[in-house]
Structure formats: C-alpha cells, structure tokens
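The following blocks contain the structures, represented as structure tokens.
Two complexes follow with chain A in common, the first pairing it with chain B and the second with chain C.
Then we have the complex of A and B:
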C-alpha cells in the first residue's frame, strides 16, 4: 500500500503476520524510517554476528552465548548497515520477497493492491515525494514543493532530469493523468480516498462526470503543477498527496478499465526508479538492471534479482547466502537466528500496535456511521474495561513471548511517531489487586458462588473473547489473557472455543459492517500510516472503528487534529496528547504491545537503511564483496 | 402327526447342533485368536505394550488436572526436559508430559469410539444388505456409494467449522459418518456368502425369523472377520485423528492430542531444535499404530485356517 492511502486505509493485521505489517512501512525502499527521538546507536550490540571477520563458506554452527536474560531491545538495533568497506563495481544481489504466496503482478503504483507487489515495484519506480523522519514531505525528492496558504494550494516542481526508463521526461501532465485515472469511474483499484483526492477542488464534479478534467489541478508548465484544495490540512503533507505519476505517453490511449491488465503494467512495467525491469517470471521472480540515467545518479549495483521466498525457509536462505536482503522477517524467529553467521540485523520501531478492543455498539449501515450504545453492551462499563487493562501483564507478554522485541503499549499513538507519542501519560499497568478493587467498587461481585463475578444487577457475566490464529504464539497468548482475566474473577472465554482464522475474525469483528453480537472483546492489530491522524480508526464514520465508540470530545479532538491550526506542530501535538489521554480514560480499546521490525542483511551489503527520512536511498545500495 | 413329529425332531436336532456349534465355536474362536497371539511373540509384545499404554494414559489423565496442564506460563517457555518438566514445555510454557498423557488419552478414546461406532453401523448395514440381497441390497449399497464419493477431508473441515464447540463425542461422530462404509461392504460380501450356506437355508426353511438368522446364526459366523477388521481399523483411526489435528481440523489447540503435539513441527526451529515437544508424540503414534497392527495381523491369520501358525 502506498503511503497516501495508509492514512485512511489501514491494514488489519494478524497478530504474528509480519507480511501484512511489512506492508505499512515499506512502500518506498529508498526512504525508510529513522525514528527521530529514541536512539541513534551506531553499533549493533547484542545481535552478534558482526565480530567475526570474513564470513565466507565456513558454516560452523557454534552458538554464541545469549544475553544474560535472553532479552533484546529495539534500541540496540541500528537502522542502517554498519559495513563501511569499499564498494565493488558491478555488484549483484538477490532480494528475498518473504511471502507464502506468489506476488500478483500488478506492477504499477497506481493499480497494485497487495504488499508483495509493492515490494517488486519499489525497485523500479518511486514517488516524486520523499519524507523526513516525521513523515512530512520534503523537497529532497524528485519534486520540490511550496505551500500557498492564502490560496489553499500546493505547487510542485519536478526536477528536470527526472525521466521515465524509456527516456521520456516525467511531466506535470503525467501526474495530473494519474489523478484523473484514479478518480475515473472505471478505475478498479483501491486508491483515491485520501484527503489528497477528496479535498481537491472540482473532484466531485469530475467523479460525477460533470467535468472532463479536475479543475483543482493546474499544469503550469511541463514540470510544474499546482493543486488547489478546498482547505489545507496537515494530513496533505503527511501522506495525503498522491505522489506517483502515470506515464501518459504509454497509458494515454488506453481505456481506464484496461490499464491494470495491460502489458505496461504486467509484463513491461515502467517507472523512473534506480533499476529497470529486465525480465519477470510471473509470481516468482523479477530481475532488474540498473538505470544509468537515474536522476539521483548511477546506481551502485548492476543487477538485482528478486525472488519469492517462504517465511519458513527464509532463515536458511539467508544463512546460505541464497538471498542477501529481505523485505521482512518474522520477529518470532529472531531469537533462534540471532547468531546467524554473516548476517547483520537492522531494526526499527514498527508503525503498528497490537490492542484489545471492546465492542460498545454496532455499525449503522444506513447512515454509514457507528451506532454507539454502551448501555446495551456487556462491555459498556468503563470500570470493567479499566479493570481488564489492569489485569493483564503486557510486560511479561512482551518479554517472554517476544523476547523484548515487542513491549507493553501505553497510548494509541505508537512511538513510531515520536513527535506525537506522549509517553508522559499514566496508563494502567499490571496490578491484579487493583483490578479486583475496581471491580468490587463498581459492583461486580460473585453473588452465586461460582467463582466468577456477576454484573452489578446480579446477572451472570460471560464475556466472549475473539482472537486470531496465526503463528505459534497466537494460541498461548490468547490463553494467557484469558487466564489473567479469570484470575480477577471475570468469566472470559474464547469465542467458539477456538481461535478464528484471519478473515473470519475481521468479518465477525465488523470489517464488513456486520458486527457479530457474540463478540465482546477482541484482540487485533493495526498498522498505521505515516499520517498520525487516527480518525480512520476511531472516527465516528470510520468502518474500522470496530469498538463502535463515539463521543463528542473524541470527534472534536480528531477534527482539531486536521484543522488549519494543526499546521502548527505544537498545537497538533497538544491535540493528540489530549486525544491519547481521552482514550486512556474512556478505553474503547487499549494497546497491549508496540512492535519492532527486524531486517536481516548480508554483511557484504552497504549503504542500506530501513528508516524513513534517513537520506540513504536505494540507488546507493552496494556490496563490498562478490559473494 | 408323524410329519409334525419329524419336523419337530429335525428342528430339535438342528437346534442341538447349533447349540453344540455355538458351544464349540465361539470359545474355540477366541482360543484360536489367543493361541495365535501367544505363538507370535511380536504380537504378544505389541498387545502387552498397547494395554500398558492404554492403562497408563487413562490412569494418568484421571490424576492430572487438565486446566493445570494447559495453563499458559510465560515464564517457562520452551524449557528443555528437566526434573520439573519431564519432557520440557512448549511455546506456551505448558508441560509436554502432561499434554502427552492427556493427548494420548484423547487420541485413543477417539480411536476406540470411532472404531466402535463405525463398526456397529457398518456391520448392521452390511449384514442386512448382504442377507436380504435384491432390492434392499441395491438400495443400501447405493447409500454406501453415496457416502464413499463424498470428499471426506473437505466435509470434515466444514463440519468442524460449523460445530461451534466440539468434544470427543462430536468429533467421533463426524469421523464415524465417513468411516463406516468400508466395513459395511466387507461384511456384506461375507454375509452374501453365508446366507447361501446350508445352515442358513435350512434355518429359513424351518421358519426361523430373519432377525434370528441374522443375529443368531450369520453374525456369529463372521465374528472373526469383524474382530480382525475392527482391530486393523483402530490403528488407522488413531492415525486419522492425528492427521486431522495436525492439519488443524481436529481438536482445538488447547485440547491436547497426539496430532496437536505433532503440529508444533510446522515451526522449522521446533522441528530442528526442540525435539522434546514433538518427538515423544511422534514415537508414540508410531508405536501405537504398529502394535495395534501387529495384533491385528495375528488375529487375521488366526481367522484364516490356511495362514495359522499355531
């Protein structure tokens, strides 16, 4: 998924599914996150593997000693490779696309839908926009920008030397064309819902067919384009604007409905990125050769081979050197592979969190908004929800189940957004006695002597907990939460007595608007976009607002975060800090774990950085030895 | 008068003969089984092993507290075997030994139940079909054919998804629904032969009811076949349960069975390095199926005079 969509279109994630999580922060191989605030330790300390000299061939399986406590911390990981050797000319690498299915092969930013395709596209095409570590547009990319606040418009100038692989220049017309195609009624892809589209002047007329062009997009000259918006919001600069042009000289004559299945998308995809597609074996592999005319400069590698590799064999493939670099790595396999020879581990905080949600209403289909009715729902009492937060030991879960690579969450804006994550907020932490106390005070007492508490009205309270299957840890983790709630006297049971498969789970939780009334509590995960705005998840009209929570204060804060005034970062920080506090008080959901991303890289690879805004771009990637 | 008397005499004679036969045949049938097993040392060891395991797991799982065994303990994840945990722990910090005991109990219980239920249905179906023949046979065999063409695994998956909470009983019933056809066909073919034999014909001529002939005369004569088939089926059924649980369509993960323990091997690291989680279960499945099979083979030889060793 591309960044602009992420703001709104958030992925529902399997607890342990690194594949989907990876979708969220990897849309642009070239600019990847560097979490501003936290750490910038240059050396990788405890992932071993960097003290051996050259690593060729010898695969002695000596295990290095683990850390004393077997725990890891994401702060000990660097986001960039430490290799500072001399790059060799004509290097080649193999890039592993970790996926258990084939990639679909819709190879154009404007049409693709799955993350595996995005991993293929990032090598040969890129956005005109680049982002800094706070996920705000910079002028370092292929286009420079200027905001005109009086006219609510933003003007971009594409650099002169930015050319498509076939030598044609990338023009303002191409960019406008992308907007027209995506907003066309025949367009089938998932784009077009972000503020970059919806706030454009004349967008509604174009969509309704009353206009042939979008009046809000003005092509000033070959390389300059101005977007006129109804109003400005900070979300525009943090992922709202669609930054991928569509080559008009190739797609211009095609019917919009046919584009996604055309040769120019499927077989001979075109872009202006550092590498060109050489050949494609559908669903399995792609070979790229360098694009010598790349606008930033000539890439260091001659050839890149991408191949699909299954998540269960990826560790072996890295160890044998079959792949040098991968797009993602299952975090739960890290402790067993941390000492792998010849591999350097890069790590960063993931743009995601795991959470436990409470159903407080259902979806009103007619009005397309949530139907918040806490009085009718079992979980409607905030004290009950608060007690359930106090009852769970997320620190133990993070340390024991994930070796510290996931850690207890506090607020609903993860530390992956360091500017907005407010770590000064006090949140409930594991304290079963306090949980019992809260329940006692709120009137939840065991009146019939069955060992479980009844509601204040004396009704038996049976709570159904829905959790997803997937990964080895899913099942014991769900059981662990159940145990802890049972330990404070709440009769919580697994919905249907088992874990639900990914799609079934989200269907029942309410992905299609058909909330299953049997679900009371559920455990899910969100991958969040570059844009910190949470209204796509907790706004009153958001389908993804699975708890179906709504309050005036919440709506007001969410709107404030998107207002003109929010261009002032301090103001916006205050708004989101208030919002995080509100969520800790109201607890429609509570975060359980923050997560990390780990990427193993062969030691011969240099100039690679997995963070956003690092200033290290994909064309600089190189190798320091032949194999 | 004299005719009646003769008929009475004959009936009496036949009855006596039958009684004699029964007295001799059924005990001697089991004696033959027993002799054959004693003679075949492998079968004897297998039988002792199987009985021992059965007694131990059923006994142990009475003592063990299931809630305690399946309690997740994040502070003891992936412990190798030690004094505290005889066979180590799994990724939820749960004791493998306890799970193995309860799991084997569950797997065996399902094996027994499925064998018994499918045996009963199959035998009744087969005998009725074979004995009556003609239209009844035709109709019943079409029913069998219908069940045989159903895709077993697919339907089990669907059932497992539909039934919200399943226990040993529901799971056994689901499996039984698709496993009785083989035995029905086998018994039918045997019943077809038996009913043509003189004793059955004679009994019919003398006016015995069908029920009586089927259950008192034909059935005892095919007991050995039933015993042998069901024993061999038992081995297969234990395997099928483990297979389904391994694929995730058997018991849910929090109900241990041999299959769920085996399914931990889908994690390659567990397969390579944490042998204590899955190896005992794998060995146990192998040994259980082999021993049941050894006994079954011995019984099979005993049931067929030409193959007998004793």
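Then we have the complex of A and C:
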C-alpha cells in the first residue's frame, strides 16, 4: 500500500519536473538554431568582389505578435554606435563569430571561401581599396587610384607606410602576384571571374599557359601598378577590381596548389590590417594583438579575441558580456532581446532580397545561354504573372513573419543601393480584386466549375510552386503564398507536396542547366554584392537567370549599364531605373521582401559602424570602460 | 581465444570492403555536388566546369570509386573542397577534440551508471530505487539538446561556473599546464550533459539484469553456502549482470569518434559531429565518405571488441 502511494507520488513528481523542463524549453525555444543552411550559401559581400550570391536565408520567426507593438522598422536603427565617452587605453574586446559550424581556417583573402573565414580575416588584413556608400572605390584606402580613360587603364599607388606585419612593404609586385596566383591553372579557390580579371589584357594568354605573366599588369615602381583593360566598365570601380595583394616574399616560392593549405595561411596568417594574429585554435578561436605600425595609425585596442559562438547561445553571451560584438545576429531572436540591458542595436538594410520567380524557358547547354520560350510555358503570360503579384500581401508577410524587419520589395535593385534603387516606380501591391479582374480580362476563367481557373484555351491550369526548406518559417510562408493564389482562383500546389532541400531546390530550378520542367514558380533569395550590375542574375548568358528570361530591351539595358558612358553616374542611374521599370512590366521575377541586418553591440564599444563607406575603420574601434 | 578472434577478423574484412562501396555510392547519390552550392554570379560557368573537371566529378562513379579507394588504402582520403586541406589532417584536428569529449563523457557515464544501477538493482522497489528509476525515466524523456541548453544556461551563463563554448581558452600556449586545465574545464559541462542523459540506459540495463540474476538458483546456492552478502553481490551477481553492459561497451567506442552533433553545436565545440553535418550540407564528399567509412569501420570493430570482451567475461560464447 505504502509502496503504491509512493509510486504515485513519484509519478506526480516526475510529471511536475517534466513540466519544469518543458517550461525552460519554451523559454529557450526561440533560441534554437534555424540558420542551418545559411552557412553554405553565405555570400562574401565584405570583400566587394562579388555582385551577388545565393542566400537561402529563410530565417525563422515564429513569434505570434498579436498587437502592432511587436513591429519594428529598420529606419529606427542607426548604423553607428552612439557611445561618445572617452576611450580607455589598452582596451580588450571579444568578438563573437556567430556560426553553428567551425570556421574553415583558410585565412587569406586570396584563398578563403566561407563567410566565417572572412570575418576572421577582416581583423588582420584588408583591401587596398575602400568603398563609399554607393560601393564605388575611393582614394581613402591604402592605395590611391587614377583612371586613364584614353588608354583604358587604371593606375594605383600604394601608400608608402603600408607594410606587412613582418615589416616588409606591401608592393605592387605583391598585388600582381595575387592576380597571377588566382588566374593560375592550379588555383582551386572560387575567384577570378570578375571583370577585374576577365577584362585584363593578356589574361587569356596567361590562363592558356602561353605567357608567364599577365601582360596587362604593369609594375611601374615598387608602389605603383597599372592595370590595362580591354575596355573600361563602371563595374571595375564597384567591386570588379581585386584589391588583395598576396605577400610574395612568403608565398613566392610555393607551388600554387599548396598555398591554401600552407602554414602561412593556416597557422601564421599575414596581412597588413590593424591587428596581428597572435594565436589560432583551429575552428574555434583566434586572438589578435594590435599592429602598432598600422598605416592609418595605432589601433585603440590592445587585444581582440574572436570566438565562434552558436546561434542558440549568442543572446546569452551578449547579455553576460562574454562577447562585446558579433558579426551577425539571427533576426528572429531580435524581438525577444530588443531590450537587452547594456546592448545597443545597430541596423542597416541588407544587400539582399527575397523573390518569386516564374519559369519562362530552359537552359540551352550547347550555346550556354537561356532558351526563352514563353509560348510553351505555363507562366508565359505576363498578365498571369502580374495577377499573382497582386494576389500576395508582402507587407503582411514582413509584419507577421518578421516583425517588420523585412518589408515588401518593389524593384529588383534593393534600397541597399540607395543611388540606384528607384522608389518612384509603381509596382503591384496587394489587391486580390484587381488580381481577379486581371485574370478575368486575360481569359483565365473557371469553365468547369471546380473552383479553379482554366487557361484561356480552356485547359486546366495546375501550377507547381517550388520552395526551399530551412528555418521554421519556410513551411508557413510557402503555405501563405499558396493560399493567396488559391484565393484568386489559381490552382497552385507545392511541387512534390513538400519543401525542397537547398541543393535539390537549385538543382531543379536550374542550377547546372537541367531545368526541371515541373517547376513553374519558385521562391528564392539573392544576396547582392557591391556592384549594382544585375547581368549575372538576369543576363541572357547567366546560368543564374533561373526564370530563363530574355528580351532585347533587357539585354540592351544591361549592356548600357556596363558601357563607357555609364561612368557617368546619372546616366547609369537612368539606365538602371529603366531596367527596374522593365522588370516590373515584364515580371520574370518579382521581389517579395527586402531585408535588414541587425547587429547588437555592447554599450562600452565606441567608434563602430556597420555600413559601407561610413569612413569609420576598425582601428578606431575602442571601449569606454574595462568591462 | 585467438582462434575466435582471427575468425572474427576474417569476417570483418569483406564487411569493410562492402561498406566502403555502399558509402561511396550513397554519397554520390545525394543531389548536387560540392560545386552546386556555389550559387554566385561572379563565378562563370566555365570556371565551375573547369573546377568540376579538375576535381574529377565528371568521371563515372566506378572510376571515382577506384581513384578514391586507391587513395584510401594508402591512408589518403583526398582533399576537402571546403577546407582546402587534406581530409586526413582535417579529421585528425577534430578527432582529438571529440576523443577527449567522448572519453570524459564515457568515463562519466560508467562512473554514474554503474553505482546507480547496482544500488537500484540491489534495493529494487525501495525508495532509493524509485528515485533512481524516476531519474532514468526523466533522462529517457529529455532530449540531449534541450538538456544541454538548460545546463549551459544555468551553469554557464547564470552561475558562470563553466565556460560557455569552445574547447580551450583562446590564446593559451598548447602543452602548458594551464592549457590542459583549461581544456578539462571546457570539457566538463558538455560531457556532463552527455553523461547525465546518456547513462540512463546503462542504469536500466544493469538494474533489470541484477534483479533478474538475484533470483537465479546459483545465487540461492551461494547464499545457502553462507557466502557473505557483499561477496554474493560483488562476485556472483555483479559479474553476471555486467554482461549486457560489456556487450554494449564495444559500441560505445564508436561514439568516441562520432561525437555528439547537438552538444558540439550548442557548446560551439569543434568536433566530428559538427564536421559531419557541415560536410553533408556542403556536399564535401571526400569528408563525408571518410567520416562514414571511419564510423562504419569503428562499428564493425566495436562489434568485434564486444564479442571479444564477452568471450572473456562469459566463457560460454567461446565454446560456440
């Protein structure tokens, strides 16, 4: 008898403690990692060399905010720290690299591939070039430049006091060496196809092995270098030029194939940035000490410690002061932590957008170009595409799923490029009645009474929507779009009835050229680089032109944007404004959401700015109290 | 006994060869390859095609398999595409971390599990047993990643007793006393999280086995002979009850290498579990195949070891 009583008591106790654990769990629930797929697609926008790369980024936000108080706007955030207290001498900070995976440890700009590595490198090495807020190179960096339009060349002069950490000067030879290594047949890294390489004179000969050096690169003297191009394009000045020299006195004797795995990259990396690497614990942490001879001046901090920190614990680490600064913060955790004590939130508009694309053709492998054939494709009718844009409420998506930290996109050049984003263009906004009207007018009517519209020819219209998995929000988001389209009478279903894993998704959408004919509509995202030129994503020969859209006007505008005349900013703005308009008329894809980045910073940190072209550099970063 | 061991080893060889083929084919069947993730417009298609050719990804699978196998036999697992370094070196870097984590947690599992199991079995249905059983049920019900997070939050962040991530304090000189101490300090919380949850199976096995053995005839005989209770438990019951645990031990060593994905992620601990998931996501084949092969071989060796241990503890197996 007493035994069974005790048993019951224990049972109750167990239940109670389980509830306790469950409670802790729900408390912690919003901290669970969600960006699992983010790392493999992370773009490398920081080096300014790429003009776009994939970003699956469906960060989750499952917060159900009932009231509007839970909404935020990116306009309320500043990009720089507000701390104007007096800096203390000899400060130390800890920098959190938020990643659920370890960093690879390829610690050289010329060889790295993952974003985590870039975050490690930025402390000890930098580009010779700096950029302004429109991502155009300036002469404020370690090298000054001069464009010679007649000879289609650009001459750079590296400042005299720019030296490697071991005291050797950074020379024109080092810069040339970087180009030679990257273009070498044995080079394994993912670089060397920007205009800065491809337009160089003599590049083809060098690549084919017919020349020992690249004839277009002329070393004038120790610190002066001239790049001769076949022609000039504005893309050269907006991220096309590779600005990272490679220390020839260290790598000069190595075989190209061995460089990336050498000690000079892995164990004792070298640069000319504000801090020097002191020690590396592979995959988890790096300590830096200040480089007193840094060319801009002595850095304010004595020591920086970088450590990898899991996205599930980053909020706690910030709160306890374990890290002062992080490279990124999961946006979905922001609402829970917006009032965190001792933390200042910085925010900026992300160089990215989410979009919905329509398949309008497939890939012609022989000619390596898109095969635009709207007449054969289900989505070939622009009125149908327009109606689908009208049918969705992207602002509601941004508010419900992302607390307003993402918002309805308008054109295909995001406001992260303020000089080129044209906000005067009128684009379809949520209006289901209008959507129905457009469909009716275009002849899409329900003729067999099943509740869904048929094509103008009376054929049943079944549309397959491909969406990517990743993050808690991916599924409800996809369902939302399906519902909205079904509400205007379109029979849209999820491809295969489920979300697709990242690799499978892009495989079927067309990466590799084997477009799956079953895909009609898909939802993807692009991280865009410094260069505003969208031809890598929408040009007729671009593999990543997944909609397989092509038109004369589009091609012409894209070419104009890269022409000599486009050196004139106003002209270029006009061209891209026209292009944005064209895309709104033709709708091969339509942007759904623009995004924001939020970075939490400990309040003791001063002189820090997350935007490009702010004129605030890492060596100025300091602290105003010991901890 | 050596005859038995040799025979077991002979069976193992074809197992491993078959395993390597399966592992390789399965890895190749994953959609996409290391280059499909490079969705980056600055990369021209020609460049990607060139890289693919260079990596031998265009060859038919049997040629790729042959090349791979030739390397593996010489201990060369190829080059990791993502890390740009030899797979062997990469795994070595990680395996050390995982090894220490698993070793400490395995020791903890037995250090916690054996006494609890013995006490629980010996005093079954008493209060102490019910408390222990209650704990094991809780342990079964709690996913390790939640337990790890809660432990980290309480002991790491709130109380600040343990470091909250990494395997060692940044900036310490490897090999120094402080370095080793710091490593150990970093190991304690994650391995305790693993052990407290992982040990419940051991406790339950041991408990039921002891209860079972307690009622056997030979125990009654031993008692009738007048053997003291301590001797009955330590010699007769314990030795017989430990069999399933011993059988299990061989498999435990697989975990020594495989690591715990969740714990490693929560504690930002650079180990094998993390590496495995990462390389699957990125289709870093050479790493994936090496890891699967490695753990497959270990599983086979683990089974072998279990058999051998059993044959030592339980002579009946040897006779068969």
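To be clear about the criterion, the second predicted complex is superposed on the first by the 559 of 627 C-alpha atoms of A that agree within 3 Å, B and C clash if a C-alpha of one lies under 4 Å from a C-alpha of the other, contacts with A are read in each partner's own complex, and residues count from 1 in each chain.
Basically, contacts are C-beta pairs under 8 Å (C-beta built on N, C-alpha and C of every residue); 3 or more make two chains touch, one makes a residue touch a chain.
As the structure is a prediction and not an experimental result, all values here were calculated from the model.
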According to the stated criteria, A:305 is in contact with first (chain B), second (chain C), both, or neither; which is it? second
Kindly classify A:397 by the partners it touches after superposition: chain B alone (first), chain C alone (second), both, or neither? first
Once chain A of both complexes is superposed, is A:89 in touch with chain B (first), chain C (second), both, or neither? neither
Between chain B and chain C, point out the one touching more chain A residues. C
Where does A:313 make contact in the superposed view: on chain B (first), on chain C (second), on both, or on neither? both
Applying the document's definition of touch, where does A:114 land relative to chain B and chain C: first, second, both, or neither? second
A:253 contacts which: chain B (first), chain C (second), both, neither? neither
Where on chain A do chain B and chain C both make contact? 312-313, 316
So in the complex, the part of chain A that touches chain B is made up of which residues? 312-313, 315-316, 333, 336, 396-397, 399-401, 472-473, 475-477, 479-480, 483, 494, 496-499
Note which residues of chain C are touching chain A in the complex, please. 30-32, 36-47, 51, 54, 82-86, 89, 93-94, 125, 127, 130-131, 134, 137-138, 141-142, 146-147, 149-150, 152-153, 156-157, 160, 164-168, 170-173, 265-270, 274-275, 277-278, 281-283
In the complex, chain A touches chain C at residues 3, 6-7, 10, 13-14, 17-18, 21, 24-25, 28, 31, 33, 36-37, 39-41, 43, 49-54, 100-102, 104-106, 111, 113-114, 188-190, 192-194, 198, 260-261, 266, 278-279, 281-287, 305-310, 312-313, 316-317, 319-320, 322, 368, 501-504, 506-507, 511-512, 529, 536-537, 542-544
In their shared complex, chain A is touched by residues of chain B numbered 70-72, 74-75, 77, 90-94, 164-165, 252-254, 264, 266-270, 273
